[in-house]
Amino acid sequence: MRIAVFRKAHFNAAHRLHNPAWSDEKNQAVFGLCNNANYHGHNYELEVKVAGEVDPETGYLMDMKVLKDLIYEEVELPFDHKNLNLDVPEFQHFNPTAEHICYIIWQRLRNRLDPHLDLMVRLYETPRNFVEYPAL
Amino acid sequence: MRIAVFRKAHFNAAHRLHNPAWSDEKNQAVFGLCNNANYHGHNYELEVKVAGEVDPETGYLMDMKVLKDLIYEEVELPFDHKNLNLDVPEFQHFNPTAEHICYIIWQRLRNRLDPHLDLMVRLYETPRNFVEYPAL
Amino acid sequence: MRIAVFRKAHFNAAHRLHNPAWSDEKNQAVFGLCNNANYHGHNYELEVKVAGEVDPETGYLMDMKVLKDLIYEEVELPFDHKNLNLDVPEFQHFNPTAEHICYIIWQRLRNRLDPHLDLMVRLYETPRNFVEYPAL
Amino acid sequence: MRIAVFRKAHFNAAHRLHNPAWSDEKNQAVFGLCNNANYHGHNYELEVKVAGEVDPETGYLMDMKVLKDLIYEEVELPFDHKNLNLDVPEFQHFNPTAEHICYIIWQRLRNRLDPHLDLMVRLYETPRNFVEYPAL
Amino acid sequence: MRIAVFRKAHFNAAHRLHNPAWSDEKNQAVFGLCNNANYHGHNYELEVKVAGEVDPETGYLMDMKVLKDLIYEEVELPFDHKNLNLDVPEFQHFNPTAEHICYIIWQRLRNRLDPHLDLMVRLYETPRNFVEYPAL
Amino acid sequence: MRIAVFRKAHFNAAHRLHNPAWSDEKNQAVFGLCNNANYHGHNYELEVKVAGEVDPETGYLMDMKVLKDLIYEEVELPFDHKNLNLDVPEFQHFNPTAEHICYIIWQRLRNRLDPHLDLMVRLYETPRNFVEYPAL
């Protein structure tokens, strides 16, 4: 019985989009308001999907408390109430677009998850803009 | 023109997670608060997806009223305002985890649906925890 | 600067509506499906409103972490994953309608809150049915 | 790094379901209230998914402002505050069911989008009924 | 124990804003897209609030099934899948703005409700625009 | 016919809670994670309520497009994709708690609104924390 389970979480963070290889003019032209040198921020909403076989003894794909704690350690603790560009190592040289944040979260969770399980991450930057990795 | 249609529904039910093959201690250790012998409950939100070819005469994949009535007969009537463990035959010997409830709903609807149509069921146990069967 | 702050919380519980002074027939006639002797359940969503003067030093009406912890102690811990009729003392002789649950939550929080602050509680039994105490 | 980005939009429109090849009786029997000759209407909520490779220079799959403007030109401007049957050319001879509206929106966006990108459109006719094209 | 209960409902309707005492130019200038002679439409979401004393025997302010049926008879049946301007008597000579629709719904429900109960109606024309009658 | 109309808007901003009259230790003790010197951020959701008499000629309390433009000029343009502490004059010497941001928005809108109309502002800092000014 192959099934998928989903768990939601959230974190509130500041960020700024900027490519240091470009001039200020080009950064401004490409990233617009998102390039503000003083940062802006979001309530990021996260949806983690894990797929695999249900354990017939528990009726669980995996214990959701374990998944919740994993998301807390790998995402909420390091990202919540932080400046992504300044406080999170991965984004010191990697532009924190929604696409990149989603990919980094996927990597962090992938490293901690049983290799028999599939993983997909959806990240809402706003209720109107969101991303998913990997894409179907 | 292969398309998917979705219909939402909901039911409010009590349940308890318990494996009768285990000791009380192991049940408590694995299922925690969900093992409460007096039951707890949820507003389950259901999302039924049906995929197939659009009928060129109606412009419908299928009449949503038919799908709504099917969900009413197979899910809302037997599950709403019920104790899943005590009142629903399938869960008298099958632990009503979100994964198992989702699978049983899929089975009940699959039996009633035209075999040319594909079926997927998503079940929200809370706004933060949900499952999908079959998994992509 | 008189302002109101709101904090949301939630708990998942089983309950049953029943008046022991009535016959089974009358209970069934008045409460219908909600009278199921085996219980049913809900994801209760709670919205706590506190009103008063902003502290000019902090810019807070009150520290939301304090309010969050108060709701945890007085509502989430005693109500979450419980059977309201069997596990919560107040409802052993007080029918757990949404109206009564809302009133009991208000009482529990009122006892713990600074008397200079006003308190209002809104309780969603489902996304379509909710109550508010006290009423404006 | 293959990823998907999503953008939401909305439009408010009147429509009527009707097959001119059928008698009034058959139209009424098949489409029921949706066949009302005086029209009814909806707040359509649109979710556009675009998938492909992230550009390593920008960290974007595509500029969401470009996608937002494309949706404005191809969907919001021609559909919002309109009567789909009377004001939108495609539906003058094509029944505006949710399935067909979704397909037409996909066609309009597909024509304007880089062919290396994949496109999927989800359309909510109400919060309880929605469709997706193409279906997975 | 004075409390308020709320019940949600919805209806999907077409409408057009128009003042027949004005020229077409003035109607267009004031109502813009909402003046489209071919109509447009909305999924109206309704929130009905009733306030009063809880009945100590039932623990109910009023039976929510009675309120649900009243909303069905007075609002859903006459308004759902209708053209408000053409199909609803009150709007044949009364411009169906959100304000006016809200007021008419309040009147229809007020006539049917126990005079000891207070009534307030909130109507969402879209998720971003809504009205409340009477105003606090 | 006294009625209230509501309009929603949103802005994404960075901020930091800090009282310059206090030591770093006290700021950290009182504001916790919200005191991060590198800022964090939110998707602020705004709900503006205006109450008064309906104009019998238009059926409007006020033209919602006028209210939308006012919110754009006074809130979205100066606050969106900004650092509230650094980029918004009012918060250079006024701690940008949700309470204070709500009050400043109320002031900015109050100055622009017809004095016969009443105004109330609700501001969501997250979906779980929000404030309202003035409090009922």
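All chains are identified by letter, namely A, B, C, D, E and F, in their written order; residue positions are counted from 1 within each chain.
Simple rule for what comes next: a residue touches a chain if its C-beta (ideal position, glycine included) is under 8 Å from a C-beta of that chain, and two chains touch if they have at least 3 such contacts.
Everything numeric in this text was worked out from a predicted model, so none of it was measured.
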Partner chains that chain B and chain E have in common: C, D
Co-neighbours of chain D and chain B - touch as defined: A
Interface sides of chain A and chain B: same vs different residues, half threshold: different
Chain pair equivalent in interface to B-D, over half of contacts matched, among B-C, A-B or D-E: A-B
Averaged-CA centre spacing for the pair chain F and chain A, given as whole angstrom: 28
Rounded Å distance, chain A centre to chain E centre (Cα mean): 41
Residues within chain C bordering two or more other chains: 127, 136
Which pairs of chains touch, using the document's own definition: A-B, A-D, A-F, B-C, B-D, C-E, C-F, D-E, E-F
Touching residues on chain F, where the partner in the complex is chain A: 10, 12-15, 33-34, 36, 38-43, 80-83, 86-87, 126-127
Touch list for chain D against partner chain A, complex: 1-9, 49, 51-52, 54, 57-61, 63-65, 118, 136
Chain E to chain F touching residues, read off their complex: 17, 19, 21, 30, 32, 94-100, 102-103, 127-136
